[in-house]
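Two complexes, one shared chain (chain A), two partners (chain B, chain C).
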Partner chain A sequence: MSFTSLVFYLALAIAALMFYLLPSRWRVPYLLAISCAFYATWSPKYLALLAATVVGVYWIGRKLHDTQTETGKKTWLIGGLILTLAPLVVFKVQAVYVGWLAPVGLSYYTFKLISYIVEIYWDDTAVHNNFVEFACFASFGPQMLSGPIQRGYEFFPQLKDVRSGKTDFAQIESGLSLIIGGLMMKMIVGDQLAQFVTLIDASPGTYRRSVLLVSTLTYAAQLYADFAGYTNIAIGIGRIFGIDSPPNFNGPFSAANIQDFWRRWHMSLTRWLTDYVFMPVRMSTRRLGNAGLVLSIVLNLLLIGIWHGLTWTFATFGLVQGIFMGVSALTLKGRNDFFARAPSSVRKLRYLIGVLATYLLWSFSQVFFQARTMGFAVQRLKQLAGTAPAGSLGFGDLRTDISASLYLCLPLALYLGAGAPGSQWLARPIIRFVPNWVIYGCALLILSALTTSSGHSFVYGQF
Partner chain B sequence: MIRSEIESKLTNVFRETFNQPELQLSPSLTADDVEGWDSLSHINLIVAVEQEFGFSFATREVRSMKNVGDLIELVAKKVG
Partner chain C sequence: MLLVFLSVLVFFAGDNLLFRTALYTRFLPRITKEAKVAQFARVERGRDPSGRKEVLVTGNSRMEYGFWDGLANSNDGSGQIRFIQAATGGSSEKWWYYILKYVDPNHDRYSAIVISTADYTITPFWDDFENDPETAEVLTPLLSWNDWPAFIGSFTDENVRERAKYQAIFTSHSAGIGMLVNSTRILQRFAGGGERKILTDAGPPENVDQLQLTADLSTVTAYPSHFDSFRRHETNLYLNRPSADAARALTARNLLFHSYWAGKILEEYRGSPTRIIFVQMPRSPLPLPAIEAIPGAPQLQANLPRQSNVTFLDPEEFTSLERPQYFYDILHMNAAGRRQFTLGLADRVKALIAPQTSAAPVSASASKSTGSASR
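Up next, the complex of A and B:
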């Protein structure tokens, strides 16, 4: 059931009601049951694979904890990594040659399970000795479709409150407002921008360079609205059941350099890769000076690229980002030191240029991320550079509803992506005078009008 | 090596690594409190500590440190 369907929210309301009516000692098993039921609405065939992997990892976690020798620990670690990575690798590889759809959430639950095993390898107090709670962590419904990727040590303590029957109304209300906000972001902003981008992508050769440029720059904003919208919904649903999830976004378009960008974009994935890939690799290459640093960075970002899919376009996306990040890692400190002595107006200007440059670099790399093939990506870059012919259709030739959506939604998406600066201050008069239920009611009315017309699925659901 | 000597050497290492001559260490100090201390520069700090005291960290040990206090304890344990 999709997060944008009415049926889903009806089912969610019933599920939440039952959750709070149940005696508290049944709430965790109930969460596991509804997570499995939710999973079954997407991939009933693969529920068995999820179950088998969860059982296997739980068992390996216990063995890893009990083993005393370093060799023994390494063996169980490798076993756990093979068990969790094998299905992911198989499905990612066959996607290139055969084209079966991967089980829903495979990437996301695999990463949660790997983090669990590696944490025990590093510190065996990370083991969790309650299978139902562990299974709940691994299969937690709201995080299954596209994350956020949570750690066990952040999830398990929250189950204590769930077991104790605690009902946090403030948390539930914040969950509801996140869901509504997320839906609005996805359906009012993301989907509208997608209409424009998809239209241009269908026949890029017929549009002028200026239209192609705006479309290229719009994609990042569309992707943000879609993915951040999804993330807010996922976090919101979790909060309704008393579980808080880690954030995925923190105003990425306000970043003035690529390092800061990755600390604000898809944060749970960046954090995961930093802790479980970058850090161990960096430790192995630490005696190689700057070469080791750049190697670790490029590898890390290449993995981010191919995690999305084993294609040349995703790999190029990762490689390009790796190069940008490598250059940044080698030069940012020097640049910061240089500007530290500059007057405040110069530093402000530098910040603005940095924000613009970061967005442009991100959009450039997204040409590869978005393109169906390398040919498409190269053709788009040539058209943007003027070395391949562009068409003659301009903004005036767009259907009014599409151009209107673009002019309204692009600035809004960029504003939201920059962290919505000043929004608390802007919202204060509204919040003071308009009751919450009126705000929610209006939002729900707008959304229900859109539900029937929007058929778009979430971009990140395919990874 | 006595604790105060360890802390003094570590303070110098931090000051040099992060180019902050006035930096003062405290047990609760973390990367959030020091400008320029992030996942990229963290390993520079680790290498500098290793070179200063003449030992190597395992990845597990680096991962286990949540703040400067943990680092001081670990260094004290490793220099014996």
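Up next, the complex of A and C:
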């Protein structure tokens, strides 16, 4: 059941109602049951794999906690990593050669479980002794499809309130508004932009260079609206059940350099990789100085790339981002020192140029992320550079609804991606004078009226 | 719970008030299909009969460009016949089935209904008419509750069917972002696309004399000066001949569609005093490989039920207009063609429904004996 289907929300309403009618001691097991039921609507045959992995990791976690020797701990750690990573690696590799679809949510619950084991290795007190709660953490429905990737130490304390029967109406309402906002972001902004991008990608040789350039720049905005929209829905659903998830985005398009961008984009994955990949690698390469730093950065981003898929395009995407970030990391201090002495107007200009340059670099690397093959990516870059022929159709030749969607939704996506500055000030008079149920009702009407005729699936659902 | 209930209430109130009553179409300029069809249907249904023999002319953009009701009516010296141009670009027999159900529920409003076809011979046209998502968007305000199950079931594409289901419940789902654009002239001008209509009453004066192709009709070597990039692209599309297998499959699919929905219209008018008149439009100024009929292609007439109130005009009736001088682009007629076709069709229709009032034919097919247009 997709987050964009009516059936899902009917089921969600019933599930939420039953959740709050149940005696509080049954709420956590109930959460586990509906999470498993939700998972089964996507991948019923892989529910057994999820269950086996969860049981295995729970058992290994207990063993890891109980073992006193360093060698023993390392053994259980490695065993746990193999248990969790093996299915992910197998499915990612076979996707290249055989083409089977990986189980839904495999990456996301794998990362959660790895973080759980590693945290126990680092700190004994991270172990959780309640299997039902652990299973609920690992399989929590809203986070299954595309994250956010939550840590155990963030999740478990919240179950205390769930068990106690506490009902936070403000949290539920904020969840509802996040869901509506997320749906609007995905289905109006993201899907409308997807129509334009898909149209151009279907026959790029037909369109002028200017159209190809705008399409390339639009894809980044589309991806943000789609992914951030999904994340908001997932966080909103979690809040309805009393669970708050970590944010995944923090205005990435307002970042003035690549490092800051990755601190604001897919934050839960970046944080995970920083804690469990980058830092350990950096520690082991610290003697190499700046070379070690660049190596750690490139490796980290290369992993981000190939996590999306074991293809040359995704690897190139990661490599390109790694190079950008490496260069930025090596030069950032020098640049900051230089501009520290400059007048404030120059510093502001620097910020604006930085924001623009960061978005352009991100969009450029997205050519590889989006391309089906390296040939396609190279051909697009050549067309943009003017060394390969482009077509003759321009913006005036687009269907009215597609060009209108582009002109309306692209600025909106960029504004939202920049953190929606000033939105609270803009919304204040509406919120002050209009009852929230009227706002939500009108939002639903706008959502219903402006969605595209053919919805697009969540882009990050495939990873 | 109260918050959810009230929000949903506001939503349904707005959905039904604005969209199920088609109120929103009042704010759309007629150029949009949603507004055109909704406003036409509403006005036509509510209009008192004119007291004359009324002839409804249906069809897609070919008929939109090809027929000028004002000319037909002014040319009718008897004053007993009134032609009503209702053709809408992108429409199909499926649309007309539901539109006619809405505007003529008793099947006795019109003396004649003209149904235009691109070709009596079924061609391998590539558009999937059955699953055109625009169909639901345009027809939603006209459908009654008991129309919806069959309407939803008529879509064979699962995604389109799913969307139609949503539109049955939430009529606002039919609007689309086009509604937002088309509701303000500023956005329209800003976002104006390749579908700009240049259709005035008289029709566009330009023709396609300057259109030159290679001998094998695969490549354009010269475009008319009035062809913008959109029309050039469209012209090129019609030169891509499909494979034999694809052509057969498309022909079969199109036969199923046209015969089914035209048959449903005929079924509605069985035993009715209304005469249903099929006309084959002038097809194009030159052969179009992409939609060239396969050998032994089926004929629409042979696949429709025989009824005494159904007439198929001679397919050669207007082939003399299939010349570059009568076309604005490869599909649509220009002012000269529009005039000739209008007068010719009006005369043929008058001869069928009011023979005592028709003048000597001044029809484009007068030159039938001189053979069809050069290709």
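The rule is simple: the second predicted complex is superposed on the first by the 457 of 463 C-alpha atoms of A that agree within 3 Å, B and C clash if a C-alpha of one lies under 4 Å from a C-alpha of the other, contacts with A are read in each partner's own complex, and residues count from 1 in each chain.
The criterion applied here is as follows: contacts are C-beta pairs under 8 Å (C-beta built on N, C-alpha and C of every residue); 3 or more make two chains touch, one makes a residue touch a chain.
If you're wondering where the values come from, they're calculated on a predicted model, not measured in any experiment.
Chemist: Looking at the overlay, what does A:K348 touch: chain B (first), chain C (second), both, or neither?
Modeler: neither
Chemist: In the overlaid three-chain picture, which partner chain does A:S392 touch, first (chain B) or second (chain C), both, or neither?
Modeler: A:S392 sits against chain C, while chain B stays out of touch.
Chemist: Pick one for A:S405: touches chain B only (first), chain C only (second), both, or neither.
Modeler: So A:S405 only meets chain C here.
Chemist: Once chain A of both complexes is superposed, is A:L6 in touch with chain B (first), chain C (second), both, or neither?
Modeler: A:L6: touches chain C, not chain B.
Chemist: Which partner chains sit in contact with A:Q259 here, chain B, chain C, both or neither? Use first/second/both/neither.
Modeler: A:Q259 contacts chain B only, not chain C.
Chemist: With the two complexes superposed on chain A, say which partner A:K382 touches: chain B (first), chain C (second), both, or neither.
Modeler: In the superposition, A:K382 touches no partner, neither chain B nor chain C.
Chemist: With both structures placed on chain A, which of the two partners, chain B or chain C, ends up touching more residues of chain A?
Modeler: C
Chemist: Chain A residues touched by both chain B and chain C?
Modeler: none
Chemist: Can you tell me which positions in chain B touch chain A when the two form their complex?
Modeler: Counting only chain B, the residues touching chain A are 19, 36, 38-40, 42-43, 46-47, 57, 59-60, 62-64.
Chemist: Please give the residue numbers of chain A that touch chain C in the complex, ascending.
Modeler: 6, 13, 173, 176, 188, 192, 206, 392-394, 396-405, 407-408, 435-438, 440-442, 444-445, 448-455
Chemist: Would you tell me which residues of chain A are touching chain B in their complex?
Modeler: That would be residues 121-123, 259, 263, 274-275, 278-280, 282-283, 286-287, 293, 297, 329, 333, 336-337 of chain A.
Chemist: Please name which positions on chain C make contact with chain A in the complex.
Modeler: My answer: residues 2-4, 6-11, 13-15, 18-19, 133-134, 137, 159-160, 163, 166, 169-170, 172-173, 175-182, 187-188, 190-195, 228-230, 232-233.
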